[in-house]
Each structure stands twice: as C-alpha cells, then as structure tokens.
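Sharing a structure with you now.
Order of writing sets the labels: A, B, C and D. Residues in every chain begin at 1.
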Amino acid sequence: MAAKAGPPLNSTLLIGLYRQMLILQHLEKRLMELSQQGILRGSLHLATGQEALPAGACSALKKEDAITVTYRGHGYVLAKGCDINRVVAEILGRRTGLCKGKGGKMHLTDIENGLLGANGIVGGGIATAVGAALSFHIDGADRIAMTVFGDGTLNQGATHEAMNMASLWKLPVIFLCENNLYAEMTPLSESAPVTELTKRMAAYDIRALRIDGNDVMAVRETVADARRRAVKGEGPTFIEAMTYRTCGHYQNDPGTAYRSKAEVAEWQEKSPITRLRQQLDESKVNGLKAIEDGAMKVVEDAIAFALASPEPNVSELKEDLFA
Amino acid sequence: MAAKAGPPLNSTLLIGLYRQMLILQHLEKRLMELSQQGILRGSLHLATGQEALPAGACSALKKEDAITVTYRGHGYVLAKGCDINRVVAEILGRRTGLCKGKGGKMHLTDIENGLLGANGIVGGGIATAVGAALSFHIDGADRIAMTVFGDGTLNQGATHEAMNMASLWKLPVIFLCENNLYAEMTPLSESAPVTELTKRMAAYDIRALRIDGNDVMAVRETVADARRRAVKGEGPTFIEAMTYRTCGHYQNDPGTAYRSKAEVAEWQEKSPITRLRQQLDESKVNGLKAIEDGAMKVVEDAIAFALASPEPNVSELKEDLFA
Amino acid sequence: MTSTFPQAINAALHAEMKRDKSVIVLGEDVGRFGGMFRCTEGLFKAFGEKRVWDTPISESGFIGIGLGAAMTGKRPVIELMFIDFSLVAMDQILNQIAKTHFMSGGNARAPMVIRTQGGGYKGAAAQHSQMLEALFLHVPGLKVVTPSNAADAKGLLTAAIRDENPVLFIEHKQLYSESGEVPEGEHFVPLGKAIVVRPGKDLTIVSYSFTLTLAIKAAEKLAAEGIDAEVIDLRTLNPLDWDTIAISVRKTHKLLIAHEAYGRCGFGADLAAQVQEKLFDELDAPILRVCGEDVPIPFAKVLEDASLPSVEKIVERARELA
Amino acid sequence: MTSTFPQAINAALHAEMKRDKSVIVLGEDVGRFGGMFRCTEGLFKAFGEKRVWDTPISESGFIGIGLGAAMTGKRPVIELMFIDFSLVAMDQILNQIAKTHFMSGGNARAPMVIRTQGGGYKGAAAQHSQMLEALFLHVPGLKVVTPSNAADAKGLLTAAIRDENPVLFIEHKQLYSESGEVPEGEHFVPLGKAIVVRPGKDLTIVSYSFTLTLAIKAAEKLAAEGIDAEVIDLRTLNPLDWDTIAISVRKTHKLLIAHEAYGRCGFGADLAAQVQEKLFDELDAPILRVCGEDVPIPFAKVLEDASLPSVEKIVERARELA
C-alpha cells in the first residue's frame, strides 16, 4: 500500500492503528474467555478478522462526529474514544459502565464521544446516524455521522428508507458496510440477488466504493475522503469493505457448519493485524513489543477495573426511564 | 401503435378495453358525486387519467392470477373480474358488498377472482403478492401475481424487502408501478434522488421497463410479456408506467395547490380514453355508442343495486373475526 | 380567541419554532403544502427548508432520523399522518426511541414529539381509524398525550415540545373540525395533570381525547335523570395523574372508563386493574368500561358506529353503575 | 418419550409437514442450518427447498409473503427469531394479517403461524428479552399461544398449524433448555383450553409460558406455609378460556396473575379488569399481579432479575392475598 500511494510510511500513525487493533483483538479474546467462564452474560458477537475497520475508520473521524454501530461494534466504540474501562464495565454489567450496566454490550452509548449507540436490531441504528447528519447539515457544522453495519443489513427496509433520504438531502453521512459475506449462517448469495453491494446504491444515487476492508490504511483514507466530501455538501458515501469474521457469529457458533475450513483458513491468512505487523516489520519500525505489551495492559487494566466495580443497585432499576 | 407494431387492429379487443375504461371512468365520476352528496363515506381516491392501466394490465392476466392493489385500485378490481354490483355495494357499505360492508373501498377483497386485497397502507400489499407468487412457484402452476402501486411506494421499506426476495427466488410476480409523478402533494423529485424508477431496480437485478401508461395496448402487451416470462421461471418484471392523475389525490383535493394548471391540462390532453377513442374513430370502428351506453348502464345498475341493498346488521359486527 | 383544533396546534408549532431554533418539523406533505390536516400551515414559509422537511413515504426512516436529530441537539416534531401508520415504524418508536435514555444509563436523550392522528367515525375503515395508544403505553419509555380540545392541544403540545423525553401526541380526527377558546400567546399545560371537567358525586367517568366529549354529553343526559357524574379528562396517559383519579373514586366509589381504542389490553383495562388493586375497599361496584369493540373497525356506518363508543353507550353503562 | 422443548417443536413441524404438503416453513437460517434454536432441524433435508425457505433479514417482507402464501392455499409456519423483531413487521402482522379475514367479510383466510421466541433472564438486554404478547392481544384478529412445556409445545403447535386463522406462537428462551415427557406420534392440544396444573383452594394463580414454571414452584413453597394455591396454565391467551378461570375464582375468591411482560396494558391488567367486572362479588381481595417492571429490560443481572418475575415475588404477592 505504501508502495502504491508513494508517500513515506507514517509510522506514528501506523503504530497507533496497530495498537488500536491489538487492543480490540485482545479485548475480544478476553471477553470470549469471560463468556466461557460464565462471567460475561448474554450473547457476544466478535469481530475477529475485521479489526482494520474500526481502527481505520475511526482514525479518520473527529470526536464531534457521530457514529452508530451494531452488536459487533466493540472496536468502533473504543476507537471512537470511549473510555475502555467504562466500556468493559458496561460489557460486564457494572455500575461504572458507560450506561450504568443498563444497556449492556449491545447498547453501548456514549453521547460525549459521539457514540449514538450500538444496536441489537439489524438496521436499527442507520436512521439514527442519518438523523445526526441532518442535525449537522442544518447547523452547517464541520461534523459528520457514520453508521456501520453488515452485508445482510441491506435487506432490511429501514436501511433502504434511511439511505434514500440521506441521498435526497445530501446529508453528511458515511455508510460503512462490513461485507463479511455472511449474515449469521446465511451466505450473501442466498439472501440477495445482487451481491456486489455497491451496485445496490444505484437505487439511491449514492457514491459507492468497494475496498479491501482488511487494509487499515485503505479504510482510513477512504473514510477520510468520504468525510471531506460529506462536509463539503457532496452527500453520503457508501463503502463496501470486504472482510471476513474468522470467528463464529456469536460465542456459541464455531462458524464451521456453514463455511468450509479452507475458506476460513484463507481469510485467517489475510488477518489485517498480521498484515499490518508485516508491513511494520518490513519497514523496520521499532518498539512494537512495547506497543503490544501496552495494548495488553490497557485491556487487562480495564477488565480488572470492571471486575472490581460494583454491580448496580436494585434501587437504580427505575431511574433513567425519563430525563 | 397499430401503425408501429404492424398487426391489424384487433377491434374486439380494443372495444373491450375501451368499455372497461369507460366503466371505470363513469363509475368514478358517479362515486365522486355520491361522495359530495354524503352518501359515500370516507376518503375516495380516484384514478382519472390512469384508466388505461387497469384495463390493459388485467386484460393480460388470467382469472387464476392474483393481484393486490391500493386505495386507488377500483379499476383493477373491476377489470380483474369482480362483480361490479358487489364492488359498488361494498364501496357504499352494503351487506351485499364483496366484503359485506366490513372492508370498504380501501379493502376490497375477492379471493374467488384473485383479488387479494386493496390496501390502505402504502406498500402494505406488495409482500402479499410476492407471497402468492411464492405459492404459485411452489406449485409450478401457470399462475402469476401482480401488485400495483404508485411511485411514492418505492420509498417504503416493505417494498424494498419484498422486491429483493421476489428477485432472489425468481418468483412469478409483476411489479406494476403507476408513476403519476406525485405522492399525495409531494412531487417525485422531492422524495427520491433517483426519479427514473427503473434505475432503482438495479438494486434487485429486476428486469425493468418504462412504458407509456396511457397507451392501453402497450400496457397490455408489456404485462402479457412479463407474465410469459414469469411463468417460464424468468422472475419478476418491474413496469414503470408513466401516467398522471388529472384529478386530486382524494375527494377534497382539487389537485391544484401543488401542480400547475398547464401541467394538468397537458395531461388531460393525453387522457388514455380520448386517445383510444381517437384510434377507434380513425379505424372507423362502429357501434361505439352502444358500447358507451352499455358501460353507463352497467355502472348505473350497479349503483342502483347498491343503493337498494340493505346495510349490514349490527348483529354481524362480531362475525368474520375468526374463520 | 376562537380557534379550530388544527389552528391551535399550528399556533403552538409557530410559537415554539420561533422560541427555540432547535425545533424542527418533519413529515409527509408538512412543508410546502402545510399538512394534510393543515396543522403545519405556514411553517415552511416562516422558517424555511432547513427547519421544515417534507419527507418521502418512509415513516420508519423519518422517525428514526428524528431520533438521531434529537440525540444531537434538535427537538424534532414529527407528523405521522395516521397513527395506524405507526405500525411500519414500531421498531424505531418502541425498540429505539422509547429505550434510548434508559439503555444509555441516562447519557443520551431523545427530546422529540411524534404528532399523530387517530380515531374513527368517519368511514375510514380498518387501517385508518384506530386509536393505538395502548401499544405505546405497554412498552415503557414514551410519554403519551391525548388532548380533547383545542386549548389543551396548544398547551399540551407546547409542553411536549419542551419536554426532555420522547412524546407521542395523539390528535383525534373528529376534533379537527371542532373549535374552542384558545388562549393567545404562550399557553402551557403541564404533562401528567388531569382535570375534573365536571364535578359530580354519584360516579366517576374517566376519559380522554374525543371520547371525553362524548362523556361530557353523557354526563349531561345523566344529570337530567338525576345521576350526578364526575367527569375527568386525563389529558396525558403517561405520566398518569393517579391522584386526581383516586380522589374522585374515593368520593364517588364508582368508576366508568371510556375510550375508543380496543378494549383488550387497552388503557381502560390497565386503569381498572390499578384502581381495583389500590382502591379495592373504596369500590361499591365493578369498574365498567366503554371501549371500541374487539374487531377491526368496520367500514359500513352502522357497523362502525356499533363498534365505537357513543353517548348512549356511556349513559347506559353509567346507569348500570349508579 | 423425553424431549427438549425444541425437539418437541421440531417433531410437530416434521409431522405436520409430512401430513399436509401445503405446510411450508420460512425464516432466517431455518433451512440448511436448522434454526438458531434448532427448532427446524432436518426439515430442509426432509422436505427440500420448495418447502423450507431461508430468508434474508427482512421480517416485514417474509411475514408479508407468508400472508400471500396463506391466502393462496399454503400454510406457512414462519420463524421470527426474537419477538422483539416483530416490531419491524408490525404493519404486516397487525394491519394486514390480523385484519385479513374480517376486512374481506370472510372471503379471505390467513391460516399461518408465526413462531417466535421471547423472554428474559439471559442477559440479552432491552431489545432481545421482551415478551410482547399484549401488543398482539390488543389489536384483534390473531390467536396467541404461549406454551409452558415441551408436550404442550408439540400439541399446541400442531393445533396452531391446523387452525384456519393466523396464530402467534410464542416460545420462551428459558424453556428451550427444558425437557419433558412428550407424547410420541400425533399430539393435539386444542387452542383456547387452559389447564389446572395444581388444584388448590386458597387462591388462584393464573400464568403461562415460562412464568408458569415459576408459579408452580411458588405454589410448592406456599404449600409448605400452609397456603393452598390453585395454579392455572392458560396455554392460549386468545381465545381465552374464561370458564376455567371463572370456576377457579368462584372457588378461591382470590386471584393472582403472573407474567413476564410489562405490566402496563399487559395481559394481566386485562384479565384483572375482566374478572373484577364479571366476578366482582366473588372477590375477597384485590386482584394482584406479578409482572415485568415498566422499564426497558436492563442488562446487568441484578437489575434484570429485579425487573422480572421470580418465585419469591409470586410467593410474596400470594401471601398478601391469602
């Protein structure tokens, strides 16, 4: 990639992205363990193999930008700037969590950092992001919204409606589609006649790009460019980021019943973390060990913080229903 | 049109279509009067200027085919073969109506004649038609489904979902879109970035054609061809039929606040009935007066039948909730 | 000043949009055209295209957009043309909007109003005549407001727009043609306060929205028969003004609840369950209800009338009680 | 034969698909994969791709497709993975399917089953834990079935599939891991018949679905304290088996209703309203309810547990009554 574009490797930037990806990878590994130990409740949707997307995309956003993500969005939550201690505490249902333990991991929300919500409903948060973009457009602000979702989400009516309006009104919003080829256990080709998702944007006249979602710099640059266009009033961009979750759909899915071992193995080879690591190695960037250790520590500290945090009080049950 | 295609004018066919259009035109004129007199309750959505569509489209269908239509679908209901007496009785809320007065004009339903329902919800009946097509596909029957809706209906999520599945499964269904350029008082260009509706079908890989919806033979032939393809397993066809309602959206809308007089006048010129009449005249078809008189009489008889019919009994209120 | 109900709504919208530039309006035909029921007349002209948005027929989409706008500092007032159409947007309303504040542990807010219109008696049939407030009361997180007259419409809408929470504001199509005295200038009726519109001692009739007007007429008829009914207009169904109800029931010991929505799992069932639980010993008779019948709303006039509340039905049930 | 709850569902599906070739199955991941909860396992293999349809994530679409198929001779059984997702398909369910037969004056039918899954206690949080039966009881036109055990699941599903009407069939996620004796071969439990699962004389506890299992445990605890509770499993909420309830209340004169759904405008409120109206003089005490609290279902275990029914809560309320 550096070869293609020509500019000198920005090692500070790359190291930052690498670190972000490692944090996510390590956090999710640990969450899986906590789930298996019965400490983490409910279903857990990991993004193993997709780590370049949150890291790359959020690095191109500003704090004032708004995002909505899904149940598979831990990486964005962290990369957008939410405090990892409070994120993990929420995932473990603690009072110190982002949402006081009320929302849980599918509903991580942090207005301060522009996180308008993870979501448990497929397509449920897309209009929210478009609405934030409407706000920013009205204000003429240098702010945009980004919404992240999977390939299967394009089949939901709510997505269609929101995209149509976003384009009609030329709102500053980025539709970041993580095309990991499956929606739960159903391959894309069995849920839609048009599997090249960019083509579907013809219905809305939305600028659409397909990129390698495992190339963190490509993700970053594409989002950055889309952001620039959005604030200039050029309207939304749809980014189809090709990727793959090498893990299962959720903690109890080994991910093997509906995919061949060869297919999974092929994508494991393409892990964005390995790839970036190779680039860094090739460029002889130093100090990676410290970065890696630092990333582990951040995660371990956050888990320790969460585990040491109190559970909510029953007396808080009826609070926060109305403002 | 006869000139273009070359085949000799099929005057029996054309006279039949002409008669069908006249019946609709006259019925709607009389319904408007009954509405103004307070005899017909509720809102009334006329299709003045769009008469070629139901006549042409239904003439290409078989009795066993299924359709779903909208609040603006009186013409299809009649052309599909429903008994006009019972249709008018339903519109006037009589016990002898198609639905015993319970459904009313927005919910005309007649399973015997393949009318799976008019609908009051924009996009509400599209999946129903796709479901009927699924039935026919499973049975390998020589039957298809057709669903009729307006340009504005493409912005509804339910439409999107149903179209995607219809194409995915190559179901025998025709999407007949009456593009009359407005959804209520909102022009198409203010509700969608892509106003050439056929283009939106790229999202579903659905064969899409734009036709002159005021040319009754073009409508008939396009539907007939789409039907042939559907039963052969070639999947759905989307027909964007360009037309215009020269009346208002409903009985209390003069239709002038949001459209220029010139625009309306221009389309009045293009009335499909006038146009067909001219063709018939040019071809020196005889006996039109008798046809016209006959059409009036059918309508007047139906209205007389309906007005003479009893209202439902209050005792029937709780019947038909469950089969 | 005498105003029609839509004029009263319109006045509140004008005033609040002027007062607070974060208030924006979205909906079908609300802009240039001024709204199917004329409630948004003149707003587009007065406030321009950045404040008043004509939307496509995408209720789930534009209600969801309202949420995003609300979470980022706007106060959207959305017109949903018929409450029956809420059913295409239920996920946004009940899974997203209603839960936003709670799920975020209080860090996010959704100050928005969904103005909608419901009710029967007009031959609009099964998909354009419903009163569906119960669906929005069942799932927690929304305030639900149901004005019965033009003045309250103005005052309650003002309060709804200023509220920090999502509010479902249900207008009744029969009330659109009614007029009444409406205070000029700012008029604020707090959410959650019922009003005793007719004091009485023999029984309590609790109602709201258009049915309230039937209840008042029924009370007049009952008075002629020597039955002195107290009539309460709830105005807001959530929050519920329990005290006003309890005081009245403690006085009359008899309760009749009248509303147009389906009876089963309706508002009346809920209130009856609460009252019999909390005021069991105060009740001299079973709590009775006049509700819409549990069938889809029929088109034919005789059937529609039979399926909905009427002055006569209220009088009859009240007689049974008194 | 001992079966798990999903196996019982699966057996009914296999048997009915074999018996009647108009039965088809649609849903997300129901085909090749066999269903997220294994209820449709083996159907695709046994009946092929024309009978078992894997759908895109388009609930409104495939439920609406079910309606069209039902109107043209099929008997679709649709799997809706979580009842919470019904909210994206409400127009199809409540405005279309529920009203089809009535609006057509009886000429159209919609014999279809929507099998879905709801309930809490698993840390699935606010959008994956709800019990929303009340929404489907409020708007008329649907049968609503809520089995509490594997045997009933098989028998009631068989009845639901053979019914000429649309049926919402609600399974509870907590029950999926339960096993029980399930009759082999054809097993048919008619819709609309409740069952007294534990006779008693001091009070009546009415419940259904997973909460019924809590009610039984509560009754055992109460028995140890000398309180003899009669426990009724409603099995079907619409049609409601009023007679079984009335006979019991006439005997015990005290009623406790327990369910997991939100209380406000919930099933319990409705039943309480009906019972106090029709059996006012039979009641020796207010009808009490144990319901889900009126807040979105929280994620953290202590909060979730506090928001949902428990054996203890049922025991406590029962003690208040007895």
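Keep this in mind: contacts are C-beta pairs under 8 Å (C-beta built on N, C-alpha and C of every residue); 3 or more make two chains touch, one makes a residue touch a chain.
This is a predicted model, so every value here is computed, not measured.
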Chains touching subunit A and subunit C alike, please list them. B, D
Of the other chains, whose C-alpha centre is the longest way from the centre of subunit B? A
Just how far, in Å, is the C-alpha centre of subunit D from the one of subunit A? 36
Expressed in whole Å, how far the mean CA point of subunit B lies from that of subunit D is 40
Measuring centre to centre with CA averages, how many angstrom lie between subunit C and subunit D? 30
Interchain centroid distance [CA atoms averaged], subunit A/subunit B, Å: 46
For subunit D, what residues touch not just one other chain but two or more? 55-56, 58, 60-61, 84-85, 87-88, 91, 95, 99, 102-103, 125-127, 140-141, 294-296, 298
Spell out, as numbers or ranges, the residues of subunit B touching 2 or more other chains. 99, 101-103, 107, 119-121, 124, 155-158, 161, 164, 168, 190-192, 321
Can you list the subunit D residues touching subunit B in their complex? 24, 50-51, 53, 55-56, 58, 60-74, 76, 91-92, 95-96, 99-109, 111, 140-141, 143, 164-165
Under the definition above, what is the set of subunit D residues touching subunit C in their complex? 60, 84-85, 87-88, 90-91, 94-95, 98-99, 102-103, 125-127, 130, 132, 134-135, 137-141, 238, 261-262, 264-270, 272-274, 276-278, 280, 285-289, 294-296, 298
Within the complex, which stretch of subunit B touches subunit A? 155-161, 164, 167-168, 190-194, 199-205
Mind listing the subunit A positions that touch subunit C in their complex? 66, 68, 97-103, 107, 109-112, 116-117, 119-121, 124-136, 138-139, 145, 157-158, 161-162, 164-165, 168-169, 319-323
Tell me, which parts of subunit C touch subunit B in their complex? 28-29, 32-33, 36, 54-58, 60-61, 84-85, 87-88, 122-128, 293-296, 298-303, 306-307
